Structures are given as C-alpha cells and as structure tokens.
Amino acid sequence: MIERYARATMVALWSDATRLHLWCLLEVALARAQAKRKDIPEQAAGVIARYTRFDEQLLARSKELEKETHHDVVAFLRALEERMVEAEKGLSGYSRYLHFGATSSDILDSAFAIQLVQAAKILEKGLESLNEAIKARAQEHKDTICLGRSHGMAAEPTTFGLKLLSFYAEFNRAIERLQKAREEVSTISMSGTVGHYAFQHPDVEVEVANYLNQTLQDSLHKTLQGKNSDKILELVAKIPWQLRCEPIATQVIPRDRHAMFFATLGVIASSLERLSTEIRHLQRSEVAEVSEDFTAGQTGSSAMPHKRNPILSENVTGLSRLVRMSVQPALENVALWHERDISHSSVERVIAPDSTITLDFAIARMTNVIENLLVFPQSMEKNLIETKGVLFSHGLLLQLLKKGIGRNDAYKIVQRTSILALDKGEELAEILKLDEEINSLFSDAELSTLSDNSHYVRHVDDLFARVLK
Amino acid sequence: MIERYARATMVALWSDATRLHLWCLLEVALARAQAKRKDIPEQAAGVIARYTRFDEQLLARSKELEKETHHDVVAFLRALEERMVEAEKGLSGYSRYLHFGATSSDILDSAFAIQLVQAAKILEKGLESLNEAIKARAQEHKDTICLGRSHGMAAEPTTFGLKLLSFYAEFNRAIERLQKAREEVSTISMSGTVGHYAFQHPDVEVEVANYLNQTLQDSLHKTLQGKNSDKILELVAKIPWQLRCEPIATQVIPRDRHAMFFATLGVIASSLERLSTEIRHLQRSEVAEVSEDFTAGQTGSSAMPHKRNPILSENVTGLSRLVRMSVQPALENVALWHERDISHSSVERVIAPDSTITLDFAIARMTNVIENLLVFPQSMEKNLIETKGVLFSHGLLLQLLKKGIGRNDAYKIVQRTSILALDKGEELAEILKLDEEINSLFSDAELSTLSDNSHYVRHVDDLFARVLK
Amino acid sequence: MIERYARATMVALWSDATRLHLWCLLEVALARAQAKRKDIPEQAAGVIARYTRFDEQLLARSKELEKETHHDVVAFLRALEERMVEAEKGLSGYSRYLHFGATSSDILDSAFAIQLVQAAKILEKGLESLNEAIKARAQEHKDTICLGRSHGMAAEPTTFGLKLLSFYAEFNRAIERLQKAREEVSTISMSGTVGHYAFQHPDVEVEVANYLNQTLQDSLHKTLQGKNSDKILELVAKIPWQLRCEPIATQVIPRDRHAMFFATLGVIASSLERLSTEIRHLQRSEVAEVSEDFTAGQTGSSAMPHKRNPILSENVTGLSRLVRMSVQPALENVALWHERDISHSSVERVIAPDSTITLDFAIARMTNVIENLLVFPQSMEKNLIETKGVLFSHGLLLQLLKKGIGRNDAYKIVQRTSILALDKGEELAEILKLDEEINSLFSDAELSTLSDNSHYVRHVDDLFARVLK
Amino acid sequence: MIERYARATMVALWSDATRLHLWCLLEVALARAQAKRKDIPEQAAGVIARYTRFDEQLLARSKELEKETHHDVVAFLRALEERMVEAEKGLSGYSRYLHFGATSSDILDSAFAIQLVQAAKILEKGLESLNEAIKARAQEHKDTICLGRSHGMAAEPTTFGLKLLSFYAEFNRAIERLQKAREEVSTISMSGTVGHYAFQHPDVEVEVANYLNQTLQDSLHKTLQGKNSDKILELVAKIPWQLRCEPIATQVIPRDRHAMFFATLGVIASSLERLSTEIRHLQRSEVAEVSEDFTAGQTGSSAMPHKRNPILSENVTGLSRLVRMSVQPALENVALWHERDISHSSVERVIAPDSTITLDFAIARMTNVIENLLVFPQSMEKNLIETKGVLFSHGLLLQLLKKGIGRNDAYKIVQRTSILALDKGEELAEILKLDEEINSLFSDAELSTLSDNSHYVRHVDDLFARVLK
C-alpha cells in the first residue's frame, strides 16, 4: 500500500489503532461471556471492561513491549495487565482473568475477520457507487449510436449506453461475489490452541459473536469516523453485522476462506481492468469517442502540452494487477502445517491491507472517471461513417440467404463486395448497386434499408429493461 | 493435461467429439426455436434436425475443412452443409437456414458453458465422494487420541477424527463454492455479433435454454457413457440442468464468469494441498502416524526397497499447483478489447480441460488415499508420550492463574518447568512434583488430573454433532 | 499442450519415445563409464550397450509394466532386463549391472536436462528467425514515417522501422536470456539417493557427461528428424553440447535451476505479448496502419464477411498467458522437502512440454505474422496529418524556452494553442499564425520549420547502426 | 512493505528523499552534459548545479505542487524553478534550461534504474553474508552424521554439513543470477518522448552515464548513510557503478528488463523458502535435530509456554510468497501500448520497494537463523538409530547383485527383510542374520560392514572441496 493509491477510511481500518481497538473489544466480549457463564468472576469482567479500552498510550506501550517479547498479542496483554495491576489495588488481582483460556489466534483471527468484513462492506458500497455512475451514463447514452467492435475491428452499430450496460451487469455480479466473499470470512472463533475448546466452553464464542453483532456498528463507526469518507461509513452502516462462529477451527480459522476472499478481489479487479481498457481504447487519438475529464490544474505530459492522456484509466489497469497479485499467496496460505503454522501471517499483514486499499482506491477512481467522462457522439458517428457501410455485411449475408443463395456463395458475395468497398474507400451501398449479382436480387429500396442503424439497436430498450429491472 | 493424471469421463467431456456433439445440439435447438417463432420455415428446422447429428465422419470432415478455413465453427458448418446439400435434393435448399442469424460465439460460448457446468457437476460428485471417505474415517477415529501440533511442534492432545473433521468441513465449503461457480457459468447466449440481438430475437435463446434443460441430461449421458466412470454419470444425473440466458453479452459471454470459475478451482486445489500436506507430514519416518496403503505390485524407491513413500499425497500436492496455475490466465482473460477479442480462446482451450481434468483426478486420488489410509494409533500414543507431558502446560498455566498467580509469573513458572522437562527428558509431572513453588500450590492429585487427555477432547462429540448435522 | 498450438519437432522432443531413447542412452553411458573404471565388468557394459536400445516394443512393454509397478523408471529397467535375460543365456547374468548403483533420479533428471537444453536450443533458433524477420522489416521501413504514441495518444513522428528496431533489440535480449537459462539447466547428475555418491564414484558422471557431449548431437538428430522442421534441427546442430556435472545435488538436480528456466520463458512470452499487442493496435479499424496477411482460403468472421481480424496476434497474446502460467508452479517446485520429494514431478511433466511447445509455436506464428505483415504507409501518413500538427508541441515548447519564455508560461502557451487546434480541427500552424503572442516571437519561416518530420527522425540511421552493429 | 519486515537502508533507498535526490543528480548531470556540448549555455548548467540540490524544503514544496499538477516530475521541476527564479535575479532566466529537451521518463526511468541497481547490490551483499554463515556452519558440521531423507522418509546417512553445502551452492547461483539481473536493469536513457532523441543529442546520455558512474558511489553513500546498516553500504561500495545507455528505448526503458529483474527475485525467494522449510522440518518435535535460537526475552506461544517454535523460518516462508507475488505483475508490465502507457507505473511504485525490502529482510533474518542455529548431533544420531538399519537397504541390494542375484530377486529380498525390520522394530542386521537366503550369501563380517555410516559419506571432503573451491 502506498499513500498515493489509498483512501483514508480504508487505511484507518487497517491501522494499528483499529487493530488494538478490536482486540480490546474482543477481550472485553470474551470476559463478559465468560462471566455470564460463571467461568470467571463477574467482578473480573467488570474490571476488564473498565481498563481494556484503546487509547494512544496503550498503543505506544504495546509497541514498546513488542520489541521485548517479539509477539504482538503478548505485548498487548502485558500492556493491559500493567495498567490493571496499577489500578486494581484491592481488586483481588482480576487482571489474570484477562484473555483467560484463550490463545492469541482467538483474538487475532476474530479481529482479522471483523476487518475483512468491514473492508468488504466498504468495497461493496464503492462498487454500488461505481454502478450508479455507470447506470446513469448508460441511460444517458442509451440511444447514442456507436461502433461495436470485435478484434478491434468495426463490427456492427450498437449504442454507447449498451456498452456501459454490460459493465453495469458485470459490476452487479461483482457486488454479489463480494457479498459471498464477505460471508466466507464472517466467522470468529474462540476454540483455543488446536481448535477443540479445551479451556473455553463452545458457548463462549457464541455469546461473543452475538455481542459483537450488536456493538460493532457503533464501535467501528467511532473508530473510523473523522476520515475523508464518513459518507461511506453511513452507507456501510446499512449492512448489518452477522458474524458467525467457525464450525471447526484448527487453531486458526481455516485459510481456504481467506483464499476465496482474495481470489474474489482478483476477479473484481479484472472487471475494473476491462472497463479501464475500454476507456483507454475509446480515448486513443484515432478513436476519440470519449475522454477522461481534464480538470483544471492537471498537467498532462511534461514534454507534450497538447496531450490529454487517459492516465486515470491506465492507472486503474495497473492497480488491477496489484490487486490480483494477492491471489496467489492467499492460495499458498491455505496449506498450513498441521493445526497451523505462522507462514500465512506475514503474507496477510501485507496483502489484506494492500489489496483492499488498492481495490477501494481503484473503484473510487473509476467511479470518478465514469461520472466525469466526456462522451463525443459526433466522433462516434464519424467512426461509423468511415466504415463505408461494410459493417452491414452480416445483414446483407442474411438477406442473401433469405433470397435463396447458399451460405457459401452468399459469404463470397459479401466478402467480395465489402472488401472492395474498404479497399476503394467507397460506400458498400454504392458498390452493391454496381454489382450485377446483387442487382439481380435486390431493389434499390431493399438495399438502402439494409444499412439502417435503427434496425441494429431495436432491442436496446428491452435489454435495458431486463438488466436494470 | 496428460493421460497419467486423467480420468476417462472428464477427458471425454473435453473431446472433439463431445464438442461437436454439443454444437450439433445447439444448432438443432436454434433452428427449432426459430421455426417455432416462424423466423425460419418449419421444414428447414426439420431438415436441420435430421442431418445435424454427430458422427465420426462429421468430425473427420470438419477437421479437414478447418485446415482450409482456419476456423473451427465455419468448418463445422460447411461440413454440415455439404451433407445437407447432398441429401436435400428437392428440399429447397434448407441448409442455408442452418446457424441462421447466429455468430460463432453463440455456439462456441453456449457449448463451452455446457461443458463447464458438466465438469463442475462431476467435480462436485467427486468432492462428495471424497467427503464421504473423510467422514467415515473421521467417525472411525473420532476418539483416537493424537497430538495436535502448531508450528510443527507438539501442542495439545486432540483426536485424529477431529483433524479429519476439519477437512470434512473444508471440503463441504469447497462443494458450496463449486456450486456457486457452476451457477456463474450456467448461462448461454444467442445474442449475436455485438450482443444486441440484431438478427436473432431475444426469445430464441430462451427457447433454446429451455430445450437444453430438458434434453441435455440424456444427450450428454449418451455421449459420455461407456467410459470408466459411468457411476459418476449416474450421480451427476441427479443435478438438474438449469441453464439461463446471459442478461447481456457483448459478442461473448462475459469472462468474469469464467475467471470466477477457475479461481474457485484454485481455492479447492489449495484445500487438497492442505490435506495432502497433512498426510505427508504424518507419514514421515519420525512421525509415522499414518501411511498410504502400499498396494501389492507397487514399487517404492528403485534404489531403496525399504521405503514406503507418500507418493500419492506428494503427487496431489503437485497437481494442486497445476490446477492453481489456471487462475492467473483466467483473470487476464477478462479484459477483452471492446466487444471481444480472441485472445482468451487459446487460453481456455488449454486451461478448461487441463484444470478440470487435473482437479478431477486429484480429488479421486485423494479419495483413494483417504479410504485406504493406514492409521497407527500406537504411533500416535507413542508420539504423545514422548512429549513428556509438556503439552499440558497451557492447562497448568490456567490453573496457576486460578490459584491467584499473576499471568506473567505463571507464564514464567510454566516455561521454566516445561523446558526443564524437555531438556532433561523427564516427565513434566515429575519435574512439577519436585518444584517448591508448584508444591506449595497443588496437591499431587491435582497435578495428576492436569495431564488427563480426556479433558482435552471432551467437546469432540459436540463438534462432530455440529459439523455433521 | 494441444495439437492446435504445437510444432512437430518440439512435440517429438517431449514424446515417450524420445524420453525412453534418452534413458537408454544414459544407461549405456553409465555402464560404459563404470566399466572404464572397472566398477562393473567390461562385458557387462558390452551386453548393456547391445540391448539397451530404444524401439517401439520397449516402449510398449514399459508402459505395460508401469501399470503394475506404478513407477516409470522401474518399469523401463524391468523391460530391459527381460530382454537381456532372454538374450543373455550364457552371458553370466550381466543384466544385473544395468543401472548399477544408480537411483531413478540420476536417469530422470539427466534426461530431463537434455530435453530442456534441446528445447532451449530450438527456441533460440526460433527467436533468431523471428529476429531476422523483424530486422528485415525494420530495415525495409527504416524511413517510413508514422506516429509515435504514448498513452495511446499521438506523441511525435517516428518511423515504423524504428518501432520494429526496439523489438529487435528486445528479442536479442530474449536470446541472451534464453542462453543463460539453457546454461542453468545444462547439468546432469549421477550422485545417488541423497547426492553423496555412496554407490557411484563421482568420476562416473564426468565420464557420462563427456560421452553425452560427443554423442548427443547425432543421437537426438536421429530421434527427432523426419518431423516438420528438419531445418530447425540443422540450425540447432550448430549449438554444441556442453553438459556439466551438478556440483552438488540432493537426490535431484536442484529445482532453482528449473525455476530460473521457466521464469525466463515467462519473460520471453511477455515480449511476444508486447509485439502482438502492437500489431493488434496498429491493425484496428481506426488506425489501419498494418494488417496481418489475409491468406487465400482463410475465413474471417463467420458472421461478418468483411472483417480482417488480427487473429494471429490475438492468439499470440493468449499463448503468452499460457507460457507465463508455468512460472508460478516452477517457483513452488523449488522448496522440495529435505533431499527431495516428488511433488515437482507432476508439475514438470506438464509445464515442461507445455511451456516450450507453446512458446515455440508462438514464436513461429509471430515470425510468420511479421514476415507477411502488410504495412500501409499511406495510412500512417494520414494518421499523422490528422493530428493537425499538435504533435509538434514539444518542439514549440523548446523553441519558446530558447526565446527566453519561462517554462511555465511556455507550457501554457503551447497547451492553449494545441488544444485549440484539436478542438477546432485546424492545423496548429494556422492557429499559431493567428496568435499574437506567438507572432511576436516567431517568423513564419520559423514556424514552418517547427513542423518538419525529418527533424524528428534525424538520428534513426545512428540508432539502426548501434542496434544492428 | 511494512515496517515489521524492513531494514532501514533498503527503506531509505526507496524513500521520497532518495528519489528526489536522484532526480536532482540527474538534472544536474543532464545540464552539465548539455553545456559541454554547447546545447545550453554554460552559465545555465552552473546555475542549475547550484540550485538543484535536495533538501527537505524541496521535498515539501514538490509534494505541495503535486497536489495541483497531479504529476510528480512536473511538480518537482516547478519547485526547482520557483527556487531558481527567486534566486536568479540578474541571472538571465537560466531556469528554463532545467530539464531542457527532456521528458519525464528520462529522469524517472534513469533514477529507477539507479535504485534497482543499488537494491541489487544490497541484496547481493546480503546473500554473500548469508552464504558466509551457511559455509561456516557447513564446515562446522561437515562430518556430523545425520539422516538423508527423500519423501520425508529416512533414506541414507549423510552429514548435516553436506545438507548445508547444497544450500551454499544454491545461494551462490542466486548471487550470480542477481548479478545478471542487475546488469539487465543497469541502463539509463535520455532519448525523449518516443525514444528517437528528437530534442536531445544521443551523446548527452553517454556523458550523463559516465558522470553518474563516477559520482554515484559518494552521492548515494551520503544519502543513505546514518541508517542501521552502514556496514552494508561499505560492502556495497566495492561493487563499481557501470551504468550503460539503453541502446533503444521507446519513451521508456523497455520493461522486459524489469520483468527479468523481478522474476529473478522470485527465484531467489524460492531458494530461501527451501532453506526455511528444511529448518522447519528439522525443528519439528519428532525430529528435533536443530532449533532456532530462543533468545532471552522472546515469548513463544502465548498459551503454551513450553513451545519453541521455528517462527523465524516460518516467517521467511511467508515472506518468500510475498517476494514471488511481484513476478506476475512485472510480467504483465512488459506489453505497454505503443511507445508507452503508464499502467506499469503504479505497479512499480509498489513492487519495486516491496519486493526488494522484503527480500532484503528475509535474507538477513535467514542469516541470523543460520548463524545462531542450534544443532543437535545426538538427536541426529538417535533418528538414525531408530531406522533400524533399513536405510542400508540400497547397499544390500547392490551387494546382492554383485553376488550374482538378479535385480528383481534382489529387490524382493531387500524389501522383504527391511519391511520386516520396520514392522518388528528390530535391526535389519539381526533380521538378515536369521534369513536363510542371506546367510547362504554373506558372512557375518560382510553383513556388519554393510551398515557402516562412514562408507556413505566417504566423498564428503571431495564435495566440499569442489563446491567451496
């Protein structure tokens, strides 16, 4: 992750502060659940709840102790204990009931799950915003005729709105995939060192999950607010917390869940790449059908002042490579040795923030590109005209078949005439009029209806209806 | 794909014969649907249905014509037309209504979808078989005490059944993911050259999908049967066909669907790697808790006759790398240019068969390993005993806390005594008895209950109940 | 690997026949070297040399026995022994000296090294052919003026030859990298089960390597000839065999060598992708500066007869993804457990043939594309003209600086005028003439020299000289 | 990159400060070279040299201006100009000769090359330190007998030193590969917007390269010193600077060079993974042949105080995944559009620092592990003894062959007896003595020499001699 490609809320989610905040929350929830079951004294839970609160000193002291212990959770617990020991004179040493019967992974993995879920929620709202933008532009250009292209070559007339509609459908799929990926990582666990609840009753984690589902919304909101994107937090707040308990953990929550999560981000990034690639193509000098908005102060090329480059879309293309690169290490993280090894940890400390922050930024950048995209219908029309009508060849072919010409012969007629049109730079319609074979089959009126754009796009309204339903 | 790592049914699914069979089916379904709508003459659909049938001559002639046309669908259509032209004397040239208004991708992508769905079904049934085997062995060893390990180090007693249970849960998730992946690729499309139904009414593909959903089961069954695994086909037949129409294609069915499919296979392969890695660890000489079955004729090392190597599990580890390698190119396939380019085609011709065939084989091999796995409870016990009881340290720690010792002090006591036990090679219990600090806190009876395996595994039945529910 | 994207010689290199041929060769060389040192009786080496020869029966019998033994080398040895036992009546049981003191990996890895080296030689000659084609076309179009583009936007005039020259330099680097990669995998080993020559004197493998370096050229030539590309074999024959002994193996030749090999193929594939992407861009309808040759019989789009699609280049783009996908599993293959495990084997059985065959085919296809590429200088000129001269903005900027205008002001002048030119669709030169600020600084003559293409390409000859030296 | 896995010198190399420092250096070198050729006034070069110096204000002002211009090089140039404009009253506006005729990429890519080369030098010295440690431990344990293992199973006796020696050889290869990778990226370029020197004479960059080769050592040393690892800088200083000019750039230095660089890092990371995996295996409870040093304050498991986990090696395993993940995006960066697009930029801003910083840290951590590795020869002996002598089976097999037994029969005898030994838990030697077939062939004396460890390791000195030569 680098600042350049990051938005504040997602960055804050992955900060040391948020992590410690979540650890505090989990320890408090754990003690609370244990006290409810009488596994620890009720006063202990009270003391723990009173002192296990995140503040900057806790962070500082934890970092200090980590240098000594080389273990972040142990340092965190020790910092809390120091605090309680000092405070609890006469409180009967309740600090020892902190983290009682738990193993580090219980806290680490559960907190990680919360971060991933929150990240997924932010990404989901980001994708929704992107799709609102795409939808608005698609509707705006529902009937803006332009070239459809395959292999980079003019194919048949379509509309620019229809092009965008296919991205809208694709990002709707992205949202659904992200929701599924979120569910995948929505489990917490308090099952202990090898996952068999040797020192923690299974009911404890159920109580913890319930408590979190009720408190996380407020708690995370407070932690993350004040950043650039409080608006996002409001949107995100509409998605309820539905953490579940891991049916069977080893020591850790199984990493196939996380692999699925990061793989899904990779797919979504690839969809962003498709959209950014489309814009880069449409903006290139010779096509010039759209342009990223060239805002006031922005400098283009340092050497070539005339250039308006699609640098935001190019950037998103690069960012999508960055998001994708997390997929492979996430897959390699699955096969931990026995009940767990720690090889996945360094990987996740990097890829979890990096891929979510990068994807969040890329989505927001793409949203901005789409919202402000300059669209040039005249260029679209010009590019259509320059095809000399050969893109009506498919229609001609079908008419020839209907007239009773065999497919092979029909194909040859169309190929012959359309290539002649391209090579001569004349309208196919004109070439056809001069062609004896064609003339014997079609009236002039028939020929002119062949090249009617409106025929090609007559189902556009239906398509919009079925996709936007 | 290589024969060595392939099973016949999945290979047959990806054969030229099956592909042409499906193309025939689609052309017939298309003509049928068009005739129903009066888009083509009813007799034409009849003629097409009569002659558009797969046989070996069709395959041979198509291959011949492909050398000329460099285009497989065109060659296929031409081969069919030749056949019809010859036959249809007096039939008014109905051959020209074959593939009427369609583009190659309509056929290619729809047939590809059918193959992917069928592959997913076979894989799903394979995973179910694997999980039946895992479940049976898990139940068999529900109470077989063994070491739980983290970091490759003895951690706490658990049961071998519980280990297997975590894999059972993981492969259940794999099955669910595969079902979702199957749904992702369950769309066909007849939307034409740039996806806007210029020469095909949108209702046609709906009719085609309905027809396929009714006929595919029988049709594919006939095509694929006679291979090694008719049993699989029977199982697969229980999953109904539910093809849908792509809401909006470009020319092609959007490749984010396929990316999601192959990414899912990659995650499943990683779960197989976790299981194979576990077995490799447990079989190593010094652990020797399980062994792959060493069937009669099998030769181990050519040089070292004494060795019984976990070669099947090692093989599955390698195969999972092979399955995973399809993920990245599938992600790169998403960003096709404009309404499509053909760069994805070569990639899919390779990765679709290769990844599904390899995964199918790996699942079957793993199933075989699990079904026949030799389990050595005595070795498990021996390995437990050799830990000298230090793996009860967590329990000791918690007891010390309960006795009122602060966490930090308790930790030091336990670390001191347990490392002494390991270094001296004596039982921790004995070390503890000689420790003054401990002696002042615990009775001998208390100490002996500390090292009771049964305490550790007391929730095993509950865990089985909740996972196998 | 699929037939569609494969050339016969490379396919033959990876056939079962060639592999068994090499195994025979290695066993003979081993016995010969051992006899020379008196480690085995001289007659034994003679008998082994006589019977250890590849023929189809050996292959068939080996395959048969492999079904029993599940081990290809053991099956191969047994097939040979059967043959000798039958033949050697009265020959004192010399068959037992076959493979004496060797382990399977000695044979497997050494044969694999030979295949990889030969594959690298073929690829190297393929790249040389590609670069001959590129060089010829570069020289042909050394002075063909065209647009240079950055960000897909017109930048400055350049020449088409210069474009190609940069690819020529890139593929020269590819050749050098491949040579280094070949050296990496040019080691054989006969060091035994854990690499310490317990039952084989270290001198034996030295003798084997020497023998192979003298005999491989002929031997491989005979095995591979008769395929499509005997011409390649002649070219390849010019690269001498320089196998070395692995300084220290474990049981296997260390896999970091192979990882480096496959990683290098991945880089080369990416260079092919760059070239194929360039052609796809230049061929697109609106650019139309080049075209793949549209040979006679070839059918383009099945639906749109007018289209001449850059399908070969698109195909190469896809193939390069396929070559690249071998990199990751090759990297994962390095960390074998202890002195070796067998997880790498399945991976290599697939990726070694697949990546070399695919890359070989892609290189040949690209060579064909370049050799036959249609180049349209008139389109290039047209595209230049349509930029309205704004691509001379950098020159204008520098002239302004020379006239004493500050950079910031100069930049603004150029941006203002050039964007005006683009927006109005008028020549920048005309805009400039009407601009008061410009008029006060430049004479008309100065302005017209600004837009002189020849100025931009004045170093082209020098660049050709230094790259083609 | 995260602080946790980073060393100060490498981090400093990739800081904004160092980058701006290098940009200053390049602008000064450019002006100097241009003045030498009289392309700009000599006084201009003097003024530029005077004011183009890195300090914190320059960095701050650049960052400020970047928010306005969205272009880092433009912001940097403007910050410098402001400074000069203010200072140069009466200096005839020499600021306009800053960056004269250059394009951003000239500076960006050349500075990037310098950073990559310096990073490679640091990594090379790191690998040398690692290999010194490996070599020392290898020599120390040259004759420490231990088990060689294949498939995780006991194979034959070897020495621990020999194991390490194979890693020594592997990391020597890593060093060589890194040197080649460094050469790959050792080019700078000042060739302008599309690489054809339209506004910069080709001789200028030659002069710049010469100047850099003379000044970089001092200059970088000053910039980077004061960090934790001045010792590294001293070592690095011994590698001379040998920057060359890119024979032909497009606008950018071709990215196949960078792809090769990052691919090489991936291979090196995989070698680290092999070493870390070996240690993790050898440290596991049941093997216990080595242990990472468990330094004083370090806490192991938070829950299980007795555990000494190989967490550093596990960490390196994870870090190697992180280094490898840069390979794929680097490969995708090669195929830039036409003369360049900017998609590679975001990728490189992340992967260049991240992969080099992570690899640097992983190498240092591994060095530390090896230097302090606790080695337990007694455990090694114990593990050998527990094999019951079956690992001498290969020797027995060969002796049987020498006695005239056919291979197949010999194999069966050995397999029968050795599996009996393993199953009964008795010494193979004892089993053999009771075996009639064996007894008829061997004397007791012969049998006892069979199981002589020293026979197996008799070539160890030779191997050390040839690898350490």
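Residue numbering begins at 1 within each chain, and the chains themselves are lettered A, B, C and D in the order written.
Please note the rule applied: a residue touches a chain if its C-beta (ideal position, glycine included) is under 8 Å from a C-beta of that chain, and two chains touch if they have at least 3 such contacts.
In this text, all values refer to a predicted model and were calculated from it rather than measured experimentally.
Ranking A-B and B-C by contacting C-beta pairs places A-B first. Fitting subunit C to subunit D on Cα positions gives a rotation angle of 180°, stated in steps of 5.
If you average the Cα atoms of subunit A and of subunit B, the two centres end up 25 Å apart. Subunit B and subunit D have centres, each the mean of its CA atoms, that are 35 Å apart. Computed centre separation for the pair subunit B/subunit C is 33 angstrom, with centres defined by C-alpha atoms.
Shown for subunit B are the residues that touch two or more other chains, namely 77, 99, 103, 149-152, 155-156, 192-193, 280-281, 299-301, 303-304, 309, 311, 314, 317, 324, 328, 332, 337, 341-342, 394. Across the interface of their complex, subunit D is touched by residues 77-78, 81, 85, 93, 95-101, 103, 148-152, 155-156, 158, 162-163, 165-166, 169-170, 173-174, 177, 180, 184, 192-199, 202, 247-251, 254, 256-257, 259-260, 263-264, 266-267, 269-271, 273-274, 277-278, 281, 317, 324, 327-328, 331-332, 334-342, 394-395, 398, 401, 404-408, 410, 455-460, 462-463, 466-467 of subunit C. Subunit C makes touch with subunit B in their complex at residues 1-2, 4-5, 68-71, 73-74, 77, 99, 102-104, 192-193, 280, 297-304, 309, 311, 314-315, 317-319, 321-322, 324-326, 328-329, 332-333, 337, 341-347, 349-351, 354. Across the complex, subunit B meets subunit D through its residues 147, 149-156, 280-281, 283-287, 299-301, 303-311, 314, 328, 332, 383, 386-387, 390-391, 393-394, 397, 411-412, 414-415, 418-419, 421-422, 428.
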